């Protein structure tokens, strides 16, 4: 009996030693090529910067270094689920999934069965954790939250009539439907809506129709992104429509700021803004130091945030065990990321994060505000 | 006298099928040589192999003392051989004049080109009349004239004709055979694959009769016309 | 009425761009039976040249010239490196080769330029519009129509009156006989690729001037549209490609303009449905290729 006890004690001791020398293995099943690469690739750059920073200090809490296991899923949902399975079999503690809800959801079955927490790099559809279940987390201000902030701003600026352009192709591109819902709730009137297909290229028929409206809408809202947004905007202005245009984080890219007169005055919601002295400004400086060129997109900082969230969860859990990490993430409050404070506690996996409204002015970004949405106005997640 | 064209043990294969199983023949300068034989005897394959339209599987072909066995098709017109393919194959969507223009594609010498136009238009006044018309709208006979005219544009030393009288009205067939004799008088050497045995024997100097991808009989046209050997081959005898 | 006119101008501008794209595919297909799916990547190359020249501050006219030159050379290189070795292979082999070329180029763009979309600086003029009578036309629409007319007139002249152009038509109809005439396969095919590259360059300028950015996967949509237009018009027929391009442009614009709001979501399937309907009535396309007819007789 004594002998048995001592063996158990030995095992316990051994386990404890390995735990302290343990590494946190994070599986990255993200798109380094294909259609989602423009979003995932910058996020992963930010991930690397954060991991290198943490490992330079000896790891999380100075004891647990992070190891990244990377797979390119080529923007393909089937490939995403294969990569997720491989990484889970490989024993990772956390999975990072692509930016778009659809490929991220392709891995749901694996995530749920293996009970490993998964975070999408930058998907913003509030339906993602809703469909994905307890183990699926987002890492970006939700579409419904962004739309509420935009609609409240437009209403506050005295705009009374609106028009939306959306695409049923993805969850993200249906954000204008949330906008219309909030705008009408506030008392605004929608003059109409149009749909487009992603990659449509030509918007002349739609903009001609908007130009023919009398009176013209005060505000035109869309969550179209490149290449659709510049095409739409240029066609809209060429057709003579001068209404306020509101976009979303998808157009937070250099192209938007190089469109000249066409983009002047466009306002869009995004994940952060580098005000002087802000963590984002510090991150951007660090990015330039590490990469040798200035950051082109806030998605770099969003990647940094993702690791900060995992770091905070690992510290809170005191473990690298997946189940404990999941519970810790779901309970996180006010984690300081590069873009904003991040809270998961009390949500369904969609983080509460600050939304910044940016105006394009003379080819530069100008902060309109970082308002908090009125909670009652935020629409429920919509299944498209 | 060295022959203008010599073929030794020429073979043509289409996958596992041996269409031509080693034929030897010669075409002398200034001759009309006819290739006769039943369908599938290998006549057209032989001509196509000479001009590089189908690859030579074995054997050798020499033209004017040079080895042309593996020469690509496009090099043979400038070298002096052209083929008028079976079924005429004029460029239907091109005008008659553009079809002829393609015949001199490989020639740069302006004087030679001008002479070629004169020669072909005087041989075929109908082509001059219809020069603006799409070749596809010509009658069968006119298309055959165009196909031959197009081949003559580059002033070949050796003109090969694959079934030139096939599918034409009797009156036009007469014209085609007359034309071959005219061309020979003008110094063009002719190699002709024909199904019209009687007419071929009348105009040819020498004849090769093919069967099963081999040469079954050969000789001067006059000899073969009287011996009845040609008919034997057609009937399956030897 | 005014709206109808305005939408018709839109349809001509879009249809013209599609026509140039479809012609680029059709010229190569008519001669070597290859549907070059890497045609879109030629456009992407043109787009990147526009981007780099814009960053270097070159005048726009020179930039456009360089972009078109680059796509023409790239098309000829593509033929020399990728397609010449498989020239006599089956249609399927050539098709797969073109997919491979397309994917390899996409990955090269992603790895050596950027996965992210890059802005292309364009003169302000291209975003402006002019007022003609009662309605407003964007300058880039007018340019698209003008460029289409110029290219179609040039191609018509080239194919009808230039020896090389006539030889291409001859080769498209009967390659074997064309070679018998001494028309060299290499030069005709290289010529066809050069022309298709030229068309891709012009189309790239029009395409990029609309979207103001270039990304590694930019070529996918245009080549898809070109393929649909070329099939609709009659694969391998140059007139068919032009007709198919304009038809597709009109279908897309008129549906977007006049379909009831509740049906707008189904615009693309309805548009493709119309294309399929046309093909059921005319299986060889609006204006079938001559070589197709010849085979049937």
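Assorted remarks:
Order of writing sets the chain letters: A, B and C. Residues in each chain are counted from 1.
In this section, a residue touches a chain if its C-beta (ideal position, glycine included) is under 8 Å from a C-beta of that chain, and two chains touch if they have at least 3 such contacts.
From a predicted model like this one, the values you see are computed outputs, not experimental measurements.
The chain closest to the protein's centre is C, with centres computed as averages of CA atoms. Put simply, the chain farthest from chain B by mean CA position is A. The mean-CA centres of chain B and chain C are about 42 angstrom from one another, to the nearest whole unit. Between the Cα centres of chain A and chain C there is a gap of 36 Å. Chain A and chain B, compared by their mean Cα positions, are separated by 74 Å. Touching chain A in their complex are the following residues of chain C: 3, 6-7, 10, 13-14, 106-107, 110, 115-122, 124, 127-129, 136, 138-141, 207, 210-213, 215-218, 220-222, 252-254, 256-257, 261, 264-265, 267-268. Chain C contributes residues 163, 166-167, 169-170, 173-174, 176-185, 290, 294 to its touches with chain B in the complex.
Partner chain C is touched in their complex by these residues of chain B: 51-53, 72-78, 82-83, 85, 89, 91-94, 98-99, 101-103, 105-107, 136, 150-151, 154. Considering their complex, residues 32-35, 37-38, 41-42, 168, 192-195, 197, 199, 201-202, 204-206, 208-209, 211-212, 226-227, 230-231, 234-235, 237-240, 253-255, 257-262, 296-297 of chain A touch chain C.
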